[in-house]
Amino acid sequence: MENRLRYLTAGESHGPALLAILEGLPAGLTLSSEIIDAELARRQKGYGAGRRMKIEKDHAQILGGVMEGVTTGAPLAISIANLDHEKWLAKPVAAFTTPRPGHVDLAGVVKYGYNDLRPALERASARETAARVALGAVCKHLLAQFGVQIGGYVVSIGEVRADVASIPLEERAALAEQNDLRCPDSAAAIAMRARIQQIMQARDTLGGEIEAIGFGLPPGLGSHVHWDRRLEARLGGNKFKANTILAIKLARAVYFMLKNQTVFDPEQLVRATTHK
Amino acid sequence: MENRLRYLTAGESHGPALLAILEGLPAGLTLSSEIIDAELARRQKGYGAGRRMKIEKDHAQILGGVMEGVTTGAPLAISIANLDHEKWLAKPVAAFTTPRPGHVDLAGVVKYGYNDLRPALERASARETAARVALGAVCKHLLAQFGVQIGGYVVSIGEVRADVASIPLEERAALAEQNDLRCPDSAAAIAMRARIQQIMQARDTLGGEIEAIGFGLPPGLGSHVHWDRRLEARLGGNKFKANTILAIKLARAVYFMLKNQTVFDPEQLVRATTHK
Amino acid sequence: MENRLRYLTAGESHGPALLAILEGLPAGLTLSSEIIDAELARRQKGYGAGRRMKIEKDHAQILGGVMEGVTTGAPLAISIANLDHEKWLAKPVAAFTTPRPGHVDLAGVVKYGYNDLRPALERASARETAARVALGAVCKHLLAQFGVQIGGYVVSIGEVRADVASIPLEERAALAEQNDLRCPDSAAAIAMRARIQQIMQARDTLGGEIEAIGFGLPPGLGSHVHWDRRLEARLGGNKFKANTILAIKLARAVYFMLKNQTVFDPEQLVRATTHK
Amino acid sequence: MENRLRYLTAGESHGPALLAILEGLPAGLTLSSEIIDAELARRQKGYGAGRRMKIEKDHAQILGGVMEGVTTGAPLAISIANLDHEKWLAKPVAAFTTPRPGHVDLAGVVKYGYNDLRPALERASARETAARVALGAVCKHLLAQFGVQIGGYVVSIGEVRADVASIPLEERAALAEQNDLRCPDSAAAIAMRARIQQIMQARDTLGGEIEAIGFGLPPGLGSHVHWDRRLEARLGGNKFKANTILAIKLARAVYFMLKNQTVFDPEQLVRATTHK
């Protein structure tokens, strides 16, 4: 219970809103909706994002944990409204009973006893990641205060593989921002797009690989003393939206190493990370 | 992370809303705002409740975890709007710099480095308990499905002590509802009210004792095998709003014993609790 | 998983040994079996302790986490041998089938499906507390490095109540060490002893109350920002062997506030607690 | 704290013993040292295992949690003696001050303030995995009761890659047992051995890949409702000794789905996994 940076998310894809509570931020960090919205906008620009991405411009409303633009140390509460919720309510909907392959539809129904597939897919939706991107944005912002940069990019889609080895590590994330496949190798990005269009016509899906990186980290994150303190153990286990997840996990690790500051003091943090 | 019934709360006393996320409910439980609002109304009726209690009638808006009136097993998200938030925003406010004795005001400022006492008292406010009462209401409702009843009452205020021993255990909670001091001994309630009025004029405060009880519990809650599995260890440690806290903790314990059902099936639960 | 000072205990009353692992100590703290054994000896001197207490002189063997008399930051492992284990193995034992009132005997059998009461009472035995006393000793020792003192004493046994109010808070724990009832009021101790002898002849038991106190604590332990960070919430819930439990819990809280030091540096700790 | 199958390990490479406590096993499972020792022996037979592996034949002494060959539901305590501990104590040892690349030596010293590299490498040693293999053996044994089989094998060492795709999934783990590289492709195993010998002469090291698999798992492990309940999230994050770690994690997941049985009843478990 003493963990720093615990979080819970809630909300369905077509419910009124997505919600997230992040408990354990220090007091004194400048924070605003704009900082979060910038990352939510990035999320909406990826290739293959549903049509819905285009119509909704996500906005993170801060409902707790920030006063006069500065964190107070109290839990941060974020709400992201689902703009088409009203429209959805109006529609008469027949029960949805054909489970899609590769989705949680069937497993959800079996496990939770639903009569309709909808409760499963409403929560297992890509839309749910917006809440985690919002929290990742806050953690990226926290890490940025003392010089840690987080980035990520696509390495492969199906059998199409980017040549990332020939691109310096420091440039990959920025290059990836230049196309909607978020691939630093622009030639590979074109081939990936073609491959995705092809597979969509065959009504199938493709796997892929992403890499997420952090720069400027202090030495000594994690520890060898117990299996669950190893940095690898703490970073593993959550591959979806990998760079925002990395931001959350690194913020937690850095923060822990930085001695659970309750007051945010960038100078002290920088000093702690540099001269530790 | 496998814990059932984890929860986080957020929100400030004069912020836009109080929020709560409860993760780990089973699917299939009938749930509505009305069930929660009934307990929020009880909370607002206690003697000594601030004037504000009278003007706001709390309403729990369910933002996630319930579809067509039934829980889905996804996290339950509740928002309780702060009705006077708008008014508050309009007021010009001078920094509040005189810490009140017996409050977190000073400790909060020292620990979190605030320049104003407000961020501490906005979160340490009695208003925050509304979020926990809302979650307690959900847990009471869950427990009620298989015959567990939760109640609580005031035993003493300052040196005024109720004669609860002469009232049967089963009747105390119901009797306590008949006065705004929530004391089952009506004569003591009158003396308590007088004592509170007296102390208020002296600009001081009084302590007190409450008891919270659960009826109809299955045998075997908790365990002797490890120190933190003992029921006493699991119930201890949170005395404020004791009966709603008891509901949350017992729901967690009962639920755990009932084998972490993902589908809510009252018959199975009753069977499990009775014949285990 | 990032929690400091997690611990698990294991071992049965008549098994080969009691074991405890404490994960999260800082490196650089001087530690030896003697420090722990002193508290184990105190545990064995209480009135009403079984005859066994007299025959066994407990010794904490340190099996991990300490090199050349100093903690390394790795998990601390302690083993306390059960000296009469061998004798026990030799005895032919009939199944024990009469549950004692006020013990876990019956509940254990119902919950874990034993055919014999022994597995329940072997683990629910008072002997198990030796493992927790050992860990409490380590935590007391850690706290003592920066001036925190932990103590405890008996306030009442059955209807016999000590007059503790007339004894200064600072003197109570030391006075309590002067009699085997650990009661600071020596007259009350005599009455308590008589009352216990009387109830034993009636083959019944008595309840009681103890108080545990900590001196020299830094201000700011716990926090108002979330319900489970409140100091009261974190200290509650474990009343047996209350002063050693208090030591463990306070060490955790102090340690957390002191920013999870990985290297033990008393000067830094004192500075942190004083000028924070 | 309600988590099933929590565990802590302790002990140094040349200390008296390695220790592990596993909390949360059901009562009624047959368990003996032999079951664990069989997996400890497998661990000692791998190619490249240090000379020490040959001289020590590990034995898991069960110190708690098992009575008359059957688990009681109380924490399982295991001790694995370090046979050369005595010899080690006798040796005069100079401080070890040259950190090895690719090891925790330097990071440990920087983080924990050691004057000697030994405290870091004593805990970060491959020897420490014996404790986790012992717990993995218990979990494999638990899973086997209801038909779940766990296996693992080497896929690549450096640039040498086994052709696993041509070997049926069910046969890989058994084939891997036939050589000390634990590679199901025997030709690749020969090439891997040659490559390792070559790199050792160059005083360098190689990376590699392993795969761990589980057969016979019940459907519905993990859940979509919250990010940290996803099976992938729960399995990720611990790659060393992957098949024993997989056994522990799957046992936890299966066990959780099987409703935290306190009494072990294979029939009930099989029924639960099959007809859920």
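All chains are identified by letter, namely A, B, C and D, in their written order; residue positions are counted from 1 within each chain.
Convention: contacts are C-beta pairs under 8 Å (C-beta built on N, C-alpha and C of every residue); 3 or more make two chains touch, one makes a residue touch a chain.
Keep in mind the model is a prediction, meaning the values are calculated, not measured.
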Chains touching both chain C and chain D:
A, B
With contacts defined as at the top, give the pair, A-D or A-C, that has more of them.
A-D
Taking each chain's centre as the mean of its CA atoms, which one is farthest from the centre of chain C?
A
Counting only Cα atoms for the centres, state how far chain A is from chain D in Å.
31
Between chain A and chain C, what's the gap in Å when you average each chain's C-alpha atoms?
44
Residue numbers of chain C (touch at least two other chains)
8-9, 23, 72-75, 111, 123, 223, 225-226, 228, 234, 262
Residues of chain C defined as touching chain B within the complex:
8-9, 104, 107-108, 110-111, 120, 123-124, 132, 219-220, 223-228, 230, 232-239, 276
Touching residues on chain D, where the partner in the complex is chain C:
6-12, 15-19, 21, 23, 27-28, 61, 63-65, 67, 72-77, 79, 111-114, 118-119, 122-123, 262-263, 265
For the complex, give me every residue of chain B touching chain D.
1-4, 23, 72-75, 223, 225-226, 228-229, 234, 252, 256, 258-262
